[in-house]
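Here come two complexes built around chain A, the first alongside chain B, the second alongside chain C.
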Partner chain A sequence: MSEQQLFKVTIDNITIEVPAGTSILEAARKIGGEVAPPAMCFYSKLKGSGGKCRTCLVEVSKGSEKDPRPMPKLVASCRTTVMDGMEVKNITSPKVIDARAGVVEFLLLNHPLDCPICDQAGECHLQDLSYEHGKEGTRYEFQRRTFKKHDLGPYIQLHMTRCIMCFRCVFTADQLTENRVHGVLDRGDHAEIATFIEKSLDNDFIGNVIDVCPVGALTDKTFRFKNRVWFLKPMDAHRDCPKCSGKVTLWNRGEEVFRVTARKDEWGEVEDWICNECRFEKKHSNDWVIEGPREISRHSVISQGHYLDAVKPTETFLAVNDGRAPHLLLDIHTESDVNKPEIELSLINGPAHSNNFNSK
Partner chain B sequence: MQALTNRAKQVERAPMTFIEQLYLWNILKGMAITFMHMFKKQPTIRYPEQKREFSPVFRGLHVLNRDEEGKERCTACGLCAVACPAEAITMEAAERLEGEENLYREEKYAAKYEINMLRCIFCGLCEEACPKDAIYLSETFTPADFNRKNFIYKKTDLLIPNPTTDAEGFAAAKGVKTNEIGLKN
Partner chain C sequence: MAIKLLLEKAHVQGIRTYEVYRREGGYTALEKALKELSPEAIVEELKKSGMRGRGGAGFPTGMKWSFIAKPEGVPRHLVCNADESEPGTFKDRYLMEFLPHLLIEGLIISSFALGSNATYIYIRGEYAWIPDILEEAIREAKAAGFLGNNILGTGFDCEIYVQRGAGAYICGEETALIESLEGKRGNPRIKPPFPAIKGVWDRPTVVNNVETLAALVPIIKMGGEEYAKIGIGRSTGTKLISACGNINKPGVYEIDMTISVEEFIYSDEYCGGIPNGKRLKACIPGGSSVPILPANLLLKTTKGETRYMNYESLSDGGFATGSMMGSGGFIVLDEDQCIVKHTYTLARFYRHESCGQCSPCREGTGWMEKILKNIETGKGKMSDIDLLWDIQRKIEGNTICPLGDAAAWPVAAAIRHFRDEFEWHITNPQEAQIRNFGLAHYADPIHIPVTEHSKSI
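Now for the complex of A and B:
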């Protein structure tokens, strides 16, 4: 078998040729758009990921050219490789749409739906998934599971109730860091992401578990409750980092850097892994060379209020007033308590507490 | 010239009759109409003493709600601020400390919350956006003022009285109707 053997596969009546060994999901992503099934656990950059969340189920209506029988059940497209002449139905199959709605219902069974509190809201894959493929209500009548809180150190905040057990963070720790200290404890309904003995995650590159987490189970503690993502401005930036590529997205408000994340592609996957130093320590805009605003899909809430190629108007008051300064300038900060310019919220470690406000 | 509609009426230019020239008759006719109105239903009210009842869909000054146990409902999720077309709402969030569970419903809360009433257009989109039933538009006007700072409503101005410590104030703010001075028909 030659290495460059190409298989012809038809997904939702669109035919594409892909090399042998490609999964259906990756073939569908090559076509792009709506044809690509959603994936919560599969991550193309993590070896061994996929096959757990079942959101990428598709119908194979024709197995291959040699064996044209359809596959009896829906298959997970991230773990099924294409065959020559295979015909796959994704959004054209009512069976798939129905199954996906069921999978979303299962994923949301124990999910607390605390999106108003969650820092992931607005960039959460589960939120998108349930809006696009889920049903309106839940039929679950019991108490949602809760867990004993684990402290994962100064950088990473774990909310186990939000976890959907995708195992991405475990693969990330295995494949990017030299020493994995967290994993999945217990089985079934009790399964949880934790460190066995209270231990903090502080391996270099461990910060990437925040980016790979499709829900808000692992979030950035240094950004916790500072602002909502849709009020921040994503900017592409880079710096010379000896450990990683240094290519990141800064989440700015004004000149303040609220959060640093890796750049994510259209499938929500990280383009380049970044190290902990870039992610957690460099919160000054002069640490970075800013390349320009990051393009965000206009369907995302993050794109609200962001305009590409916007020109900031210059102050014309002095020019029209013969160089005289105004007698009275109304600055909102003289009256308002919120967003005081002298307080750099981005430099505070961790979330604010009531005692921070009493002392000021 | 051709008329645009068939309702055009030719102006009468006939010379006035003797009675019309006196004007007295027309004055009396007008006085009679005025006099007749004394026995008709008044469309107006005597405002400061009498007050008109608000429509149930009236959108007035904002209220930040508490739950039955007096905990603040707002979690500073920012949905009101993002929904606000006038960009009048700003907030800062904080994490609830241990021992503050009786003050705030959720782990995150609005440490500061401001509505700039000079910007607000009372569209009610914040109320619609709120996932926590925390913000409501009440049946009150924003009082007039001379100072700008009095129009920046902070959390202390917006928060409803605590039902556990100030049950009366809470009920009043919830809008238990006092109809003694309402409009009489």
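Now for the complex of A and C:
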């Protein structure tokens, strides 16, 4: 067996070859688009993450070439490795769609939906998830749960009510920092992220928990209520940092740097971890070498600012007419009363028929 | 009188001590296993016996043991799951409390068969007094040379350690148990890898129930083939049933799986019938997570056959009209019991015991509890019943570990079989606070259609 053994896997009728040991989710991400299941807890850069949120459940309709039996239950695609000849159904399986809608409902059950005052709004994975896979309205008629507030120090703001228990921040603290001082206390639906005794999170690199948090449970305290992310202009920038790669995204408004985050890829995952100093202390444009605007998916609300490739509109007629000027130009106001405020619209006759013109 | 293999000597005075246990023929199976049999031969005997795991899932133990990985130079472990927390189940407690040496003997045999030099008993925190009994038994066994280095001159070393849990139902799930044993938060692991490949400290591990491991003693004593002759079909050997609820004689009984459910409830040898002349309404035959059955479906299957106390017969009809053997926690409910309240109590338990790791179980169990509480206290709506059904359907099968299923099944079964009682609670909220729904039609015989064709079969 060669080291780079390739397995053939078919996801939603699209076949792809991936190295052995790849998870279904990562294979699906290689195909991209809608085929990639949503992931709220899995984070490819954090070892041991995934399997918890259950949003990435998929149906395995054929186990492998050797053992073609389907898997009896839906499986978490982030933690299931592909087998040769495996066939997976994601959006083509009604079972998956149904289960996923259920999971979204469960995740939103106790979520406060305080998006209008949440700093994560606009870049929140739970917003995207519920928009894409959820149902409108909730069947939950009880009070949503609340928690005693914990202060995590000057950098990180914790909103436990928004937490979906993805455990990413726990893995981050375990794998990036010297000492984890926060974790999950209690169990079941009263489990919470907290420090055991009131302590602040100030380890170096702990700021990355803000970036990995899929919801607004952990947000940047230095950016708290300062601005909405979609009013900001993300700029790639770097600096010589002795501790980290120094590659960041600055979120500007005008010349002012409102916040600094790590750069995130198309799946919302951090490309390079950054240190606390870069994130919290360097908030002047002249601390950084600006590289240029960061590309943001056009589906994201952040891209609605049209800061990228902002060019003046060209003359439409010329553009669509291959540079030829129009032969005839009509002013809509001379032809129709529709736009005149004093005209009662209901009195205007219906659409014109060919008869109307023939009679002239 | 039924055959007794495990509890045969339970009533001998002082059987808890090594002296009496040895005098009554204890540790002879161990001597036979270590001196006459090889580890492979023991596994072979176990396979022949056809014994199925007694913890609840009923997976054949011999097969489970043959899955254990044996990489060179990596220690293997046997873990005894004594985290018996399923409401209604208390058979392991009885076994450990009164016959600790039976478990220790079974553990040493199993450790020898699996090659485990360090074996653990993970016991639930609420059994506060039992670890002392077990540790005393371990001390005695060690003094007698059945534990420690070079047991009986075979060159096999084994130590048994008792580890107390902190009282979490979820730590009875094998991977959560392993996490807890390692000193971590008791969250179930995502499988695969299975414990047989990567268990305690990433070493191959077998986790078995107390009763399963104790049953090794009679299996070795009588041989796998003889053991398989007891019982019926794929339900071989004897099973401990912990009976409780509205019965005259609650307690732990050893049955050989050939008796009918009716016999078990009404016979004086076992539960001794229902007190105060009340009638049977419903029963949970295998511990709180298995589906509840109304009296008519409990005593007879939908084919009109008598239901027996064994794995196959109890699950006859699937979840639609059957239940499961489970862990053997037999809970009997008489006509005065309220199914809604009962279901609410179970939902409250599962909500409290959910580990909170995966979303459907964490959020769904709490939601179900709240709705059931509303129905129970007369604030329910008709749409709540369908909502409950939909919630349980979305939890079941979509979680990391079986706790989600265990929380969903009781609710599903209660609605499936007792829907009119739920509806009565909703339509008569005031009355439901004063009196119970009663037996209604739940004990009425089921009509089994007879056709010319079915007669000829």
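Keep this in mind: the second predicted complex is superposed on the first by the 305 of 360 C-alpha atoms of A that agree within 3 Å, B and C clash if a C-alpha of one lies under 4 Å from a C-alpha of the other, contacts with A are read in each partner's own complex, and residues count from 1 in each chain.
Here is the rule we use: a residue touches a chain if its C-beta (ideal position, glycine included) is under 8 Å from a C-beta of that chain, and two chains touch if they have at least 3 such contacts.
Keep in mind that this is a model prediction, so the values were computed, not measured.
K.L.:
With the two complexes superposed on chain A, say which partner A:Ala191 touches: chain B (first), chain C (second), both, or neither.
P.N.:
Only chain C is touched by A:Ala191; chain B is not.
K.L.:
Quick one: is A:Leu347 in contact with chain B, with chain C, with both, or with neither? Answer first, second, both or neither.
P.N.:
Neither partner.
K.L.:
Tell me which partner A:Val289 touches in the superposition: chain B (first), chain C (second), both or neither.
P.N.:
neither
K.L.:
Check whether A:Ile14 is in contact with chain B, with chain C, with both or with neither, and answer first, second, both or neither.
P.N.:
The answer is neither, since A:Ile14 touches no partner chain.
K.L.:
Quick one: is A:Leu318 in contact with chain B, with chain C, with both, or with neither? Answer first, second, both or neither.
P.N.:
So A:Leu318 meets neither chain B nor chain C here.
K.L.:
May I ask you to decide whether A:Val103 touches chain B, chain C, both, or neither, giving the answer as first, second, both or neither?
P.N.:
Only chain C is touched by A:Val103; chain B is not.
K.L.:
Classify the contacts of A:Lys52 with the two partner chains as first (chain B alone), second (chain C alone), both, or neither.
P.N.:
second
K.L.:
Return first, second, both or neither, reflecting whether A:Met165 touches chain B, chain C, both chains, or no partner chain.
P.N.:
second
K.L.:
Could you list which residues of chain A make contact with chain B in one structure and with chain C in the other?
P.N.:
none
K.L.:
Provide the residue numbers of chain C that touch chain A in the complex, in ascending order.
P.N.:
168, 170, 185, 190, 351-360, 362-367, 370, 387, 394, 397-400
K.L.:
If we count contacts the way the header does, which residues on chain B are in touch with chain A in the complex?
P.N.:
It comes out as residues 75-79, 81-82, 90-95, 97, 100, 106-108, 111-114, 116, 131-132, 148-149, 152, 154.
K.L.:
For chain A, which residues are in contact with chain B within the complex?
P.N.:
Contact set of chain A toward chain B: 114-117, 121, 224-228, 230-231, 301, 304, 330, 332, 334-339, 345, 350-357.
K.L.:
Which stretch or stretches of chain A touch chain C in the complex?
P.N.:
50-55, 57, 73-74, 76, 79, 98-99, 102-103, 105-107, 109-110, 139-140, 142, 164-165, 167, 183-184, 186-191
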